[in-house]
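Accompanying notes for the structure given below.
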Amino acid sequence: MIIVFKKDATEAEKQHVYEKIEELGLRHQSIIGEELTVVGVIGKEDAIRTLPFEAMPGVDYAMPILKPFKLASVELKKRTVVDVDGVKVGGDEVVLMAGPCSVEGHDMLMEIAEDVKESGAKILRGGAFKPRTSPYSFQGYGKEALEYLAQAREATGLKIVTEVMGPNDVELIEEYTDILQVGARNMTNYQLLSRVGKSSKPVLLKRGFAATVKELLMCAEYILSNGNMNVILCERGIRTFENGTRNTLDLSSIPAIRHQSHLPVIVDPSHGTGKSEYVAAMSKAAIAAGADGLIVEVHNCPEKALSDGEQSLTPEQFNTLVKELRPVAHAVGRKM
Amino acid sequence: MIIVFKKDATEAEKQHVYEKIEELGLRHQSIIGEELTVVGVIGKEDAIRTLPFEAMPGVDYAMPILKPFKLASVELKKRTVVDVDGVKVGGDEVVLMAGPCSVEGHDMLMEIAEDVKESGAKILRGGAFKPRTSPYSFQGYGKEALEYLAQAREATGLKIVTEVMGPNDVELIEEYTDILQVGARNMTNYQLLSRVGKSSKPVLLKRGFAATVKELLMCAEYILSNGNMNVILCERGIRTFENGTRNTLDLSSIPAIRHQSHLPVIVDPSHGTGKSEYVAAMSKAAIAAGADGLIVEVHNCPEKALSDGEQSLTPEQFNTLVKELRPVAHAVGRKM
Amino acid sequence: MIIVFKKDATEAEKQHVYEKIEELGLRHQSIIGEELTVVGVIGKEDAIRTLPFEAMPGVDYAMPILKPFKLASVELKKRTVVDVDGVKVGGDEVVLMAGPCSVEGHDMLMEIAEDVKESGAKILRGGAFKPRTSPYSFQGYGKEALEYLAQAREATGLKIVTEVMGPNDVELIEEYTDILQVGARNMTNYQLLSRVGKSSKPVLLKRGFAATVKELLMCAEYILSNGNMNVILCERGIRTFENGTRNTLDLSSIPAIRHQSHLPVIVDPSHGTGKSEYVAAMSKAAIAAGADGLIVEVHNCPEKALSDGEQSLTPEQFNTLVKELRPVAHAVGRKM
Amino acid sequence: MIIVFKKDATEAEKQHVYEKIEELGLRHQSIIGEELTVVGVIGKEDAIRTLPFEAMPGVDYAMPILKPFKLASVELKKRTVVDVDGVKVGGDEVVLMAGPCSVEGHDMLMEIAEDVKESGAKILRGGAFKPRTSPYSFQGYGKEALEYLAQAREATGLKIVTEVMGPNDVELIEEYTDILQVGARNMTNYQLLSRVGKSSKPVLLKRGFAATVKELLMCAEYILSNGNMNVILCERGIRTFENGTRNTLDLSSIPAIRHQSHLPVIVDPSHGTGKSEYVAAMSKAAIAAGADGLIVEVHNCPEKALSDGEQSLTPEQFNTLVKELRPVAHAVGRKM
């Protein structure tokens, strides 16, 4: 922690800060500049962070130096490969997850599952419990949808990822799914993070649309610190002033995460753009930037979709996309 | 809903859209412009919204016309006054809520409660369960803190507001508190919204830091549609590129909410700015803009606060502030 | 400047940084923490800033400590009162500027000028040269409009403020106007800033809609450092994700500017909200927050306005507004 | 234009709106819904846009239907290839522009020019006139730097791109450069746009950091409507709440521009991220997303750079990057 004193801070004010630091068993060291005095606080990060230095008289501002996350940090470990019942996320291969926004029925799910498997997907996505902006919108078929997902896994061998909306749902969903998805709107639902942190199933943690990469990593830390080390991060766009796309897909989060963390990161170009016609370009870009996988919305009849139809690909479009993605993956040294 | 066709949309594509509209029992009417054709879809809003028009061939884009919220709408009702066990929020009087970010002990809470009551506060705030960015930070004293809050109410007559972080906590917290607070990070925690919507206690719903006013009203709609009509909205700043303040306090949300909704709205200048030295200016501004109340962090020793010390006022500063606020409230025709 | 070394920085890398610092005649001082080493660079700010420390091997990041502006800083001077030919901006009195977005003719301007003067305005605003998003939109009546403005001043005694769009226009506009306005879109047009910095007329500098308060102050510094000390800042809203208003009016910029600078600051609630029905609430809030004045769009027939009709008040609405503003100004100890 | 009436709009108010439309020689057509009435206004876009409908009594809001740009629109033309004295931008080949942020001397420029040419660049970038945040920072070597750029072109055959900061500089810079660059801070400097629109040299127009893609295209329209059809757009990042990168590089602008415009688009990963270690990932992503080229900062000694050292590649890093980019370009069917 670096503390910057105000120009007119008195000696008594400075002494008071030094005492507070010493009370915690920490050390401090001053740098007397031409205009200002700054103080470095030395010691264990957790102890330092408990003091609200900016509330102390004479202090202009305080700047933390140490990163607030530890278990998610690249300093702990170089790279994590998450093993989803045999499918490796974060390794050499770029992993494709695909499927409908919502599970809307048995037959549609089976059809889509077979199609995306054929095209090269390894994991089937599909919402059973849906977080919707309006209380009057379709909220998902719940347990029935989970049954269909399990049947689709049985039939195709695809693994399954589905969203969990609250801590009480984890027990039920764990029974069916291979990956527990925490959605963007729940990224800071700490009770949910703690609960999935105690699960034995891998977690797909989506970046909140107003979260920085650092905050995403802090939320991953909540899961890791509860014991679950199998966390896959997902970039799905952030909210900005640009209204030509549903969100602004921030692909620079990929090198930023690589730089700071060992956790694998995938990209959701469907929510990231909100427009099916931009999905192909952004999928290629994501893989070129180093993403470990993609999660893509595919619907056999987008115009009948009960949610997110305008951003879903048809199975044919997905098939074409995968063919275009392979050379890009190879061009950056990845398998697909 | 207004649908805009692409310039090169074919007759067959248009017919297809018309059929989909008719299948739902809705009507449509076209406007043939010089360059483009647009179609108005006429009927019940909920039915219209189920169709993903933008996924249909030939459609450029679709624009909803009707507002997505009903129970929160000013068209339902002019003004709601929420009665918090005798304290009226949304009426003539500007209501002050004040207290520490976290309840850190019995004595500190009692002291602060007596001080803020003396200054003019009607409601005591204090966190028992705290949502914290880091899993390693102080998470609140839980039930013990709730007991202290109840004791402070007993001693001072102040009403109590405290945060509820998940649906499972509601039952416990309901027993103690007068207002259930849903924090900004949980604004889209729909399971929590549904649960507090079934409570008999009023709800203080904070605006998510990346939420538009419309989205805040949609989240209020979740609560209202579950039967709880006593919702107080709270502006507490949105996330922008400006990093000189913790958030950007969006006071224009006050006239915007008034224009669209009957629900009362209060302002949190402490989280909204993150700096105790800006709290006074923004408190006055909030009341001048028409806020029904304020919720202000007050700590008897901000530099020892376990959270948010840098944005807390001392009881003396709060006392001075209230004296400055009264003439502003009177200048805009409110009591305080 | 504080330099933070990477955990694995070598001694040679650190030595290299120290040498670079010494080459510039600066001093350095290290703080050896438990996990990291940080170095304070001591000396003249301008010299320090010339070194791109983050490009040096072994450096994680560098954080500037000193504020980048000097002449605009509150450390230079407590408060500036700008004298606009007798009208004082930044003193005890809250100054009202009002008038049409564009000067659309002689008679309309005269009428509006007389009306706003009657209501209490001291300065007449009106665009002669208009920056418009579309090259096909009305671009202002240019010199003819300047003549009308001068005639309105003659007739009413109001002072005049009008926008200058490029360095070449300054000479002409200076002849007519009392204040040179630099618009939000031109806040970083450095050639224009330098040119108005050499003018003898006061400058109204509007905050760019993507500019932080610090950046606004840096742009003021461009003007001040060219010799013109009469700069009035103007908050007019920033661009955010909220699309219910044209911009998000950031009133916390008022205490933030007060805290850092001696320059007066006024608020433009018309552009700040884009909606005439929100102008009254935000005008009161601005004054309550400590603004030194307002600049409000007033048109005698908003629905015929060639620009910004939807955010203009009628002269009657402005008259009512001023009556409501006076008690607010008095409540915060200002005259009006 | 679609006009939505308020629910309680009177017949007289509606009639008034109809009359205003008819006065302009336009037609209107109403759609009477169950809750609301909407009106389509039919006729020439430019005429429609002159009426401020939202200022008329009874009108809730108005939504434009037609795109505001014409000459930049994909409806005018499928694709433009800009010919920079023989180097084609927007064709099959991905074009690399590289060089220092600022031209800092004759020898450094020559050295860098030869290196980047060797690696595969076709165009040399280098600032002669620099827009700097601080008036006290290095502002560029001006005409002397232009001379060096011309000498580097002579020696290497590379074409030249350099920034023009104001309309008065165009004449001088035109003599030397092959492309006139309009920087992000000047994207809405309309006098500059008009002036470069009258030049015979191609223009590189950078997206303002708070500009939507639509606004970028409107600014291109300013140039095109002045007669210069050779405009290259440049994505260089937008300003968001994410502070881990200098800007948020919005690569979805590439498919968005393709979808709406015929103009070529390149990407600046150096300013887009502000960190040299992220440049490679984002360069690959840009090409995979369909960019027509890149503009990359390369400095032979980043740590001595007078500006932007922390985001510059060394010539060796650039050489490695180009080798990595080629397979990506080929993977998406482009030459390099």
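Chains here go by letter, A, B, C and D, matching the order in which they are written, and residues are numbered from 1 within each.
Simple rule for what comes next: a residue touches a chain if its C-beta (ideal position, glycine included) is under 8 Å from a C-beta of that chain, and two chains touch if they have at least 3 such contacts.
Since we're looking at a predicted model, the values are computed, not measured.
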item	value
Required minimum of steps from chain A to chain C, each step between chains that touch	1
Distance between chain centroids, defined by C-alpha means - chain B, chain D (Å)	38
Chain centre separation (chain C, chain D; CA means) in Å	26
Intercentroid distance (Cα basis), chain D paired with chain A, Å	31
Residues of chain B engaged with two or more neighbouring chains	210, 239-241, 243
Chain contact topology (line, ring, star, complete or other)	complete
Contacting residues of chain C [partner chain A, same complex]	2, 4, 7, 29, 31-36, 38, 40, 42-45, 63, 65-66, 75, 239-241, 243
Touching residues (chain side chain C, partner chain D) in the complex	20, 46, 49-56, 68-69, 131-138, 165-168, 185-186, 188-192, 194, 208-210, 215, 218, 221-222, 225-226, 239, 276, 302-310, 312
Interfacial residue positions of chain B with respect to chain C in the complex	210, 212-214, 238, 240-245, 248-256, 258-259, 272-273, 277-278, 280-282, 284-290, 324, 327-328, 330-332
